[in-house]
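Order as written gives the chain letters A, B, C and D; numbering starts at 1 within each chain.
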Amino acid sequence: MSTAASQRPNGLALFILPSALLFALFFFLPIGLMAVMSVLTGNPVVMPKVAFTMRHYVRMIDDPFYLEVIWTTIRIGLVTTLVALAIGYPLAHWMARIKSRTGHALLLMAVLAPMLTGIVVRTFAWMTLLSDKGVVNQTLMSLGLISQPLKLMYTETGIVVGLVHIYVPFMVLTLTGVIGRIDERLEQAAENLGASPFRAFIEVTLPLSLPGILAGSLLVFALAISAYVTPILLGGFQIMTLPILIYQQISANFNVGFAAALGIVLLIISLILVIAYNRALGLVSGQRELQ
Amino acid sequence: MQTTASSSLPAAQQTASVRIPRPTRPYGRTLYLAANIAILVFLLAPIAIVVVFALNPTPFIQFPPVGVSLRWFEKFFASRDFMHALWFSLEVAVLTTLSATILGASAALALARGNLPGTRLIVATMLSPLMLPAILTGLALFQTYVLLDVGRPTWGLVAGHTLVTLPYVVRTTLAVLHNFDTRLEEAAQNLGASPLRIFFEVTLPLIKPGVLAGAIFAFIVSFDQFPVSLFLVSPGNETLPVTLFNYLKFDLDGTIGAASVVSIVLAFVVVIGLDRTVGLRSYVKL
Amino acid sequence: MSASIEIAGVSKVYDGGVRAVDAVAMDIRQGEFFSLLGPSGCGKTTTLRMIAGFETPSAGAIRVDGSDITHVPAHKRDMGMVFQNYALFPHRTVAENVAFGLRMRGLDKVTIAAKVKAALAMVELSGMEERRPAQLSGGQQQRVALARAIVIAPRVLLCDEPLGALDKKLRQQMQFELKQLQKRLGLTLVFVTHDQEEALAMSDRIAVMNGGRVEQVGTPTEIYNQPTTRFVADFIGDTNILRGERAGPNLDVGKGLMLALPPSEMQGTGILSIALRPEKIRLSPRGDAPIAAGSSAHGIVENTNFLGGAVLYRVTLEGGHRVLVQQPNAGTSRLFVPGDSATLEWTPADLVVLKD
Amino acid sequence: MMKAMGPLSRRRFLTASASLGIGTIAAPYVARADDPTLRITGWGGKWGDIMKAEIGPAFESEFKCKLQTDSAFPYLPKLQASSRSAPIYDVLHTNSNEQWAAAEMGLVEPKIDPKLVPNLADVYPYAISDKIVGVSIFTSAIGLGMRTDKGYGGVTSWKELWDAKYNGVRGGYVIPVNSLGQAFLMMCGTLFGKGQTDLDAAYAALEKLKPIKIVDFTGAMEKMLLSGEVGLCVIHDSGIYRYDGQNQPTDFVSPSEGVLSLEQVLTITPGSKMKELANAYVNYMLRPEVQKRLAETVWYSPANKKVKLDAKYDAKLLTTPEKVSKLIQVDWKWYNERKDEIDQRVNRIFRA
């Protein structure tokens, strides 16, 4: 029954206004300011004389280092997303299907706990675990499995581990919602038709949860490519990502224009991915909206 | 994730008449549980380390720990700075949660029901604060406040936090609204409820799980927000993560572990409190 | 107090030009059990939703007791409605669900409590007050929905396939109870269904709809016995429809079969369809006696369908026409088996001439 | 309208009042409105503790003002974003290289007027040398930190950091963001090339320093040394001495080639509306008793020649002209002009 066929905005559309105002004042204006600063020789807010320049963008194109940094950022984002999906899915499935309410509550607490630990402290905990004298290496060495400490810190692996840990709750909770809505009887129907539980999962649950997979992946990817505390602390500046470079430019080189240009590039990359995601979501699920 | 072993035997190849009992099933179940428990260990190990760190008497992380002491907790609770930062963080998180929840839920309602043109573009825009390194967002906001000559007020910090938490509320609320049976609203209308009453008596209670899930995320993300706060906090009014980060530059001792343990407990109290007061039920969805 | 409803030339056109309801007109009398019957997509639910006020007609008017309510918002129409799948508020208890409409009317708590108690007693759900809809069976949910709709003493009760989700036994019981209740309360009830048996069993009058239009309005007997259109004849019950050209008092349906037309239809020329209900045909073992032209034929039983109280046979006539024949299972005579030769006889007056 | 909502509305009320309660408790401190406010920056840790507990309040009561200390990093970008005529700080306290960057951008006044800050007359020359913008109120010595329990002993030269036996336990800093790292890079030029500005020699030396564990701030290095994650590292003396009396198996090595100077520099912003008070603050921070208290708290070497530290501190800190002469100052102006180029190069060198 589609009354929605009438395309004119109705009274409820007005409810977007407070958010629109928030975005106008606290997002478009500031980011616009940053975008302007990325093509100027100085800060127009506090300096009287500034001129137009493309030098910040030219610098990025001129030196392959920055392209490598962009690629490293995207690569870390992709790997983090894939790993978060791989370990988030089973947990989300368990959470969605667990019968006991207490069990569910405990799982929920366990999933939320990493988010509550505080980004700085949590990353230090990872340093304790992953450093040469850390828990993992000491355990492995005392078990005689390795003789030299594994290099876990200051590598992309370390960053990915740290990022996955922080962002897996976002993946799990997105997926739990979607998997929870999939009628369990569909899996039973598939099993009844002769599919093994694993096969039923692959044939039924997995495709139906695709919107959740995409939504969760998008979120984790977006968060991972814009993270900087974890990459700094676990990568020790030896792995350079865009946000680290931005941080460095702001806090140590005081070159806000270049930092802004880098930020704009990161935002554009992200938005391209969101649009691609929207397309993909439309293709796989016919679902109309982002969730 | 169940019964990986049997996947190599497509069901169609098995004879339809006789169903062979599957010895693989419990095996698959075990694997499924084992995998999940391994994942939980991964999620919780760093938190265990933080607790060890908080209780370890030496001023640096040591493994294995050399003893148990509450000195870092004492130091944390005795510190006026930490206590003030803790309460200030809570204040900001509560205000952020309120504003992000109200704005986000309204926006989601408008997006799902308002017949707005360009809904996809709006949703994508609303997610975009998540995609910018928050330090740049923080600096951009700071620059804007300088431009507007408003200083660094608490509302400015709350606005920044609202900006980066709003996407979560919009997502969770939209998810529930898309699964909403609009006949329930018609039923209420049929029974004589005015549009306003329908909203408060039917729509709102039913989208509550989504709104609440968004609110919880907003609270957690705001409470743990560091990069956006970095430029927006003002002297004397610093949030806990900023205080911790600055503390860390000079004193990397168990106090930050203690602060973290206190934060976890506090955040759980808030989440459980929300559950008890407004009824989280079992649906936290993002 | 129950009301009458007049639907005057109502149409509903959606954006994109889909004409869901096309110039529907009908008068629903006070205290009447009125069914809208038709296949899915025929416009019956849209019509009901326009009566309820969830849709605004593109043309035409809806009047209740003579006053135009076409543009009155749904929540001011004072009509009870039982939704398909009930639309019970999942976040409220049974009692709260039933009390909802009363609260909207600003009644005091004591009155509400009393009315809720009475309504739940009426639908035999006393003691279930504090349960939530999810804790009830389908039949119980249906009763709650019914109680919620009638507790406000509506002028009209609207039901959108209210029994569709119930199993057969329960469904029959609820049909009976709903009918009883409607009679007892003297409710004007508009009932949407796609189940013709249900419509026939319960209604005072039925409007058969197809493609957004009303095909026929009449009592169940009229609809069954004198369908006026080919669609109605086909949709209501099993029937044999034959098409042919008039040849004097007979109809030539081809393949050598001539049917004697009923006395009232002997005049005229041209092409015509007739309907003949399977139970109006008598089936007997083929004898040697010659058959009466126009009201009997020979054929071979192709298959049988045992219905319990009756048996339905598919018979191929000598010329090749296939007809359905239903015989009561009286238990006295031998049942036919496939391959049996048989003689079919009918009364020309039982032929119903259809409009195309 | 809500009359029938019963317990729900009560619960809502409770939730709402709880959040209001939190808001009240955490209401920002209200400054005494009539007192002028001096806006400064300052470190956290022990420095911040004693500033807040003693030295700040004493200044406030003596000069009838309010000190507002921003201790949230980073300071310079905030100053940079604020209006030149209404800067967010009156006095900027950072390390020397940032002060140079600030001075280049016109964010701070390059020199302190000795007429307005009489105590300037008593500081060691290095504290107001041409390598310094404003005045250095303290300095610490950048040298080597060593574990004493691993049999490393006998380290006397910077060059020993390149010894292969420290592979895996060698520690350094992220050069683009850390003063110690930057100073160390200049040291490399001196050690292996023609002098501080011999960048090519420095790059070559850094290349050979790998594998090295690099961190972005000193606190992290202290912990790595304490936990044994590193055995020999670049560090400032304060980072070792502050654990004095805790029997940690660590020691500071003052290399024979000299120690680098890590200055705590104060400057005044040109747009400050509190110039007088700002100068008074700088002067106050150079007072012998203030210098002594801070130096003994955080193990920084005082800039004021007249300061007499207790023996324990005096033995280790740079408190005599002879000791001070071992300090090597970095030409930050020269460095900052090449910072982008250097960053790019070292980012590549240390890329994993």
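One rule holds for everything that comes next: a contact is a pair of C-beta atoms (placed from the backbone, for glycine too) under 8 Å apart; a residue touches a chain by one contact, two chains touch by 3 or more.
Quantities reported herein were computed from a predicted structural model and do not represent experimental measurements.
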Distance-to-centre winner among chains (Cα means, whole assembly as reference): B
Chain located farthest away, centre of subunit B as origin (C-alpha): C
B-D or A-D, whichever has more C-beta pairs in contact: B-D
Rounded Å distance between subunit C and subunit D, as computed from the means of their C-alpha atoms: 87
Separation of subunit B from subunit D, taking each centre as the mean of its C-alpha atoms, in whole Å: 35
Computed distance of Cα centres, subunit D from subunit A, in Å: 34
Approximate Å spacing (C-alpha centroids) for the pair subunit A, subunit C: 56
Residues within subunit A bordering two or more other chains: 6-7, 43, 45-46, 133, 250, 256
Set of subunit D residues in contact with two or more other chains: 73-74, 77, 81-83, 227
Sites on subunit B at which at least two other chains make contact: 61, 139, 143, 146, 197, 245, 248, 252
Subunit B to subunit D touching residues, read off their complex: 58-62, 81, 84, 87-88, 90-91, 94-95, 98, 139, 142-143, 146, 154, 197, 200, 230-231, 233-238, 242-243, 245-252, 273-274, 277-278
Parts of subunit A lying in touch with subunit D, wherever the complex brings them together: 43, 45-47, 63, 65, 131-133, 149, 153-156, 232, 235-240, 248, 250-256
Residues on subunit B engaged by subunit A in the complex (per definition of touch): 1-4, 6-7, 9-12, 14, 16, 22, 24-25, 28, 32, 35-36, 39-40, 42-47, 49-50, 53, 61, 63, 102-104, 106-107, 109-117, 119-120, 122-137, 139-141, 143-144, 146-147, 159-160, 162-163, 166, 170-172, 174-175, 178-179, 213, 216, 220-221, 223-224, 226-227, 240-241, 244-245, 248, 252, 256-257, 259-260, 263-264, 267-268, 271, 282-286
Of all residues in subunit D, those that touch subunit A in their complex: 73-74, 76-77, 80-84, 101, 105, 168, 174, 176-177, 213-216, 224, 227-229, 339-340, 343-344, 347-348, 350-352
Contacting residues of subunit C [partner subunit B, same complex]: 52-54, 73-81, 83-85, 87-91, 100-101, 104-105, 148-149, 152, 158
